[in-house]
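Per-chain residue numbering starts at 1, and chain names A, B, C and D are given in the order in which the chains are listed.
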Amino acid sequence: MITLSEIAHNIHVKLSGAITNETLLSITEMAIVGIILLGSLVMLSFFLGYMERKVAAFMQIRLGPNRVGPKGSLQIVADTVKLLFKEGLTPNASDKFLFNTAPYIMVITTMLVIAPIAYSSGFQIWDTSIGVLYVSSVSSVSVIGILMAGWSSNNKYSLLGAMRCGAQIVSYELSIGLSLIAIVVLTGSLRMSDIVMSQADGWWIFKGHIPVLIAFVIFIIASTAEINRAPFDLAEAESELTAGFHTEYSGMKFAMFLLAEYINLFIVCAMGATLFLGGWMPLHFGADNAFNHAMDYIPGFVWFFGKTFFLIFVIMWFRWTFPRLRIDQLLNLEWKYLLPISMINILLVTIIAIFGWHF
Amino acid sequence: MIEHNLLEPDMITEDGDFVINIGPQHPSTHGVLHLKVWLDGETVKKVEPHLGYIHRSIEKMCESLSYRQYIFSTSRMDYLSAHINNQACALAVEMGLGVEVPDRAKVIRTILAELTRLASHALWWGCMGLDLGAVTPFFYAFREREFINDIMEETCGARLTQNFIVPGGLMADIHPNFVPKTKELIKMFRANIDEYNQLLTGNVIFQQRTQNVGFLSKEAAISYGTSGPVARASGVSCDVRKHYPYDAYDRVQFKEILGTTGDSWERYVIRIDEMRESLSIIEQLIDNIPEGDIVAKTKQVIKLPKGEFYSRVETARGELGVLLVSDGGSTPYRVKFRSPNFSNLSALGHIAKGSKIGDLVAMMATLDLVIPDVDR
Amino acid sequence: MNAEELKQEILAFHPSVVFDEGGQFVNANIDAADVLTLLTELRNRPAFDFDYMFCLTCVDYKTHFTMFYHLRSLTHRHEMVVKAKIADVNAPAVDTVSHIWRTADFMEREVYDLFGVKFFRHPDLRRIFLDENWPGYPLRKNYEDPNMIEL
Amino acid sequence: MGLGSYISTVFSSVKSLLSGMKLTGYYFTHHKEIVTQQYPENKREGALILPERFRGEVTMPHDENNEHRCTGCQSCELSCPNGSIKIITKQEVQPDGKKKKAIDTWVYHLDMCTFCNLCIEACPTQAIVMGQEFEHSVFDKKKLKKILNKPDSKLKAGVE
């Protein structure tokens, strides 16, 4: 069976036959990877947009998009084309440089974060030794994009939304970090491939007893807040702040925020899937048995995307069920509930790791 | 001397305050309400409603319409309880004429009024969820509302602005499908209120958002002239159906649900309970619609005797009063609509002081404002 | 209190009040200059305790304006109407009652907006529906709108 | 806050959230509950049935001899609250030589109509009824001014 890593390897071999210069070779490969990445991210956000609409529709006893393309699947393409043709308005009194830069910062940070994610065995853009640290630090740059957008719009709603977002992301970074550390403590490595390989005899969520389960729940809640989705969408808060920090954006700049939101959604779910649900690792129990071999026949990227989309669905499920929190409750939830719980939790996880009590 | 003056000093507003204009085009003002809000960070210092964006001077218009015609225009005031508005107008004319409405018409009017109330409360419930950021309740609420609208459409010929009432009774008899469909609705709605509770009422986020915010004390509720569920949540017994029964309300048993605390949560719960009471009222009447005429004989051109006639009904939002001043002619000399929303809105500034901006939206939702009724 | 008792009680302390015969409510007619004292008494005396004002409006009778105050007592469950006659049609004015019933704040602003009746000591007397510089007062009988089309 | 109540708060909150998710999850998996219909497909499929009392527009039924029931009495015009009906009458010479008022044009301003049904109530000869048509959108506002009596139509014999 051909795996994704073999395909990548074959391409590399072919290219190195054609291009002998080392530097040129890596530049060419980078360009190829970049183009594939860009294309697939746009496709991904199209798909997530379609998925969100359909999930929302079925939960709200309606049909959802069904006119453009088969079962409405091309609706989001039509919307993108519409956004492309719309005028990208810049308000007169806005800070034009910041206003126009903010969407790009949002998109660029999210694209950077995609690098260390492992899609399949040996199929990874950049298997850095600080994978988890890299993801959690780079993804927090996106708050700067939001603050820039809110500040530069010269709109009071935008400003309120941006300030809310700043407070929210700074708070939730803490518990998202602590829940990531739980897995890092257990595996003893920040490298993504190591984390995945450590789950060859069972996913962490099964191996790690209740503390890892708690860390997983906290991770899901905190990451929902991190990417500004309902019930934590205070930065946008349609019924309060009309559209929050992107009130003044239109056309393609608005679409960029949307793109960034969906890629962020994908990233946090991919991280959750990698750290807690074994990434591309098939469902294994114990070391070597028939069940594990049967599971191995399903390719790794199917496992990876299956788990990721399951988590995405759960987050969408949240969005279409819950009302929004108030700003003080949002911060209460973090500082009074999630943070103390995850601090105690990290202690428990450390004890488990030291004594080797996990399976 | 009793101290009645509830004029508390406003929180001090300064020139440098963060002032935002919520509305007239804003997703949660449900129409064209314009609130000028002084903020201190996220905290509301002062709220000032600016009205008149949909003022059509219906009162002036009615002065040139005959007593048969002026009823239709009131459907456009509180469009969610259009039928009940029409009922109030017809009651004022009937009071002036001194005609007795046939029993059958009275009962049908009452059933239709309660259906309207159910539809209105269902819509309010959906919008309440929407204002708090949950989109899904809106669609569940519209499922029931559409069913009620279909019943209305079959009998009255229109879904929203029915105009089914004429002075002295009704325009037509009920449709043969009316009774079975209404019974079906009662069964369906009961089950769906449980769904409402499962989705929103029981939700901990929702409870946290509404409990202990937006207090309206009993004294303030009375002084601000609030009525309907808003006043009842503060413990003011003010149900017109109970205290001044009209049409067939004197022959049904129902509870007037009273709250104690008067916060947003209480206003929410009271409306949910009121839906159950409305269902029970319909249930009591639907099998006992008496036979007989549907309209009392009136002259084609109605002339009221000289004087003032005040009729009142309980709409989905509170007490609607119609003051007809007649000079003996065929058109009213002056019509005054005492609209419940106008008084309820005046309390908003009092309620919202010191709350968070997110709660201001929730409070507007629990006041259940319909702006065309405020502006008229 | 029933209607007769109400009339007797009011006449006992305010003899200048004239009551209408018949009608739906007890209708007390009084001059606009005295209305504030009467309404204050009606609100404050425990025997009356009219704590709920459910309607406040004005009617233009061409020769005079009449303010209508619809009052209800939620404790005693009795109701009455106070009609205050404003004789001056050119500059109608009356005392505010918005400090007694807070609901009167908005209702008086509405009357000021549509009838042009001034309310002394009102805390915030501005037009409520119309633009500040709207010409005329629409609900007056002599109001003419150049844009109005007669059907 | 004691530790016990802290933990029980956490659990009851999670339970209430899950019960809401159960409901949305139920509707997500049960597509039979979907209530929305496809317009205009539902017109073809027969799912869109308007009740007979539906007030779409005022119409004047004509029979096969191109005869209507309108005598031109103008009751409807008087009863209309917003002036959307204008009736132009003419004097018609009867066979017996007498002159009689008859209808010339029955002008209906659909753009002003609020479908309040008062004209139909007022009509003494049941000449007008409410039609079922509800798709009134046009590109030119002038098209909303309609003349209800067909050309060369006559008053039905016997209608007074």
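The criterion applied here is as follows: a residue touches a chain if its C-beta (ideal position, glycine included) is under 8 Å from a C-beta of that chain, and two chains touch if they have at least 3 such contacts.
What you are looking at is a predicted structure, and each value in this text was computed from that prediction instead of being measured.
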Touch-connected components when subunit B is not counted: A, D | C
Most widely separated chain from subunit A, with each centre as the mean of CA atoms: C
CA centroid of subunit B to CA centroid of subunit C, Å: 24
Computed distance of Cα centres, subunit C from subunit A, in Å: 64
Whole-Å gap separating subunit C and subunit D, where each centre is the average of the chain's CA atoms: 42
Centre-to-centre distance between subunit B and subunit A (centres being mean Cα positions), rounded to whole Å: 46
Where subunit B touches two or more other chains, by residue: 136, 143, 199-200, 203, 205
Junction residues of subunit C, two or more chains touched: none
Shared-contact residues (touching 2 or more other chains) in subunit D: 17, 20, 23-24, 35
All touching chain pairs, where touch follows the definition stated at the start: A-B, A-D, B-C, B-D
Subunit A residues within the subunit D interface of the complex: 55, 58-63, 66, 317-318, 320-322, 337
Complex contact set, residues of subunit A against subunit B: 56, 59-62, 156-157, 160, 164, 230-231, 233-234, 237-240, 242, 320-329
Subunit B-touching residues of subunit D, taken from the complex the two chains share: 12-13, 16-17, 19-20, 22-24, 35, 50-51, 53-55, 79-81, 114-118, 121-122, 130
Residue numbers on subunit B that touch subunit C, as the complex places them: 1-2, 4-7, 51-52, 55, 57, 59-60, 95, 220, 222-227, 236-238, 243, 307-310, 312, 319, 321, 323, 325, 333-334, 336, 338, 342-343, 345-347, 350, 375
Contact set on subunit B toward subunit A in their complex: 18, 20, 26-28, 42, 129-136, 138-140, 143, 199-200, 203, 205-206, 208-209, 356-359, 361
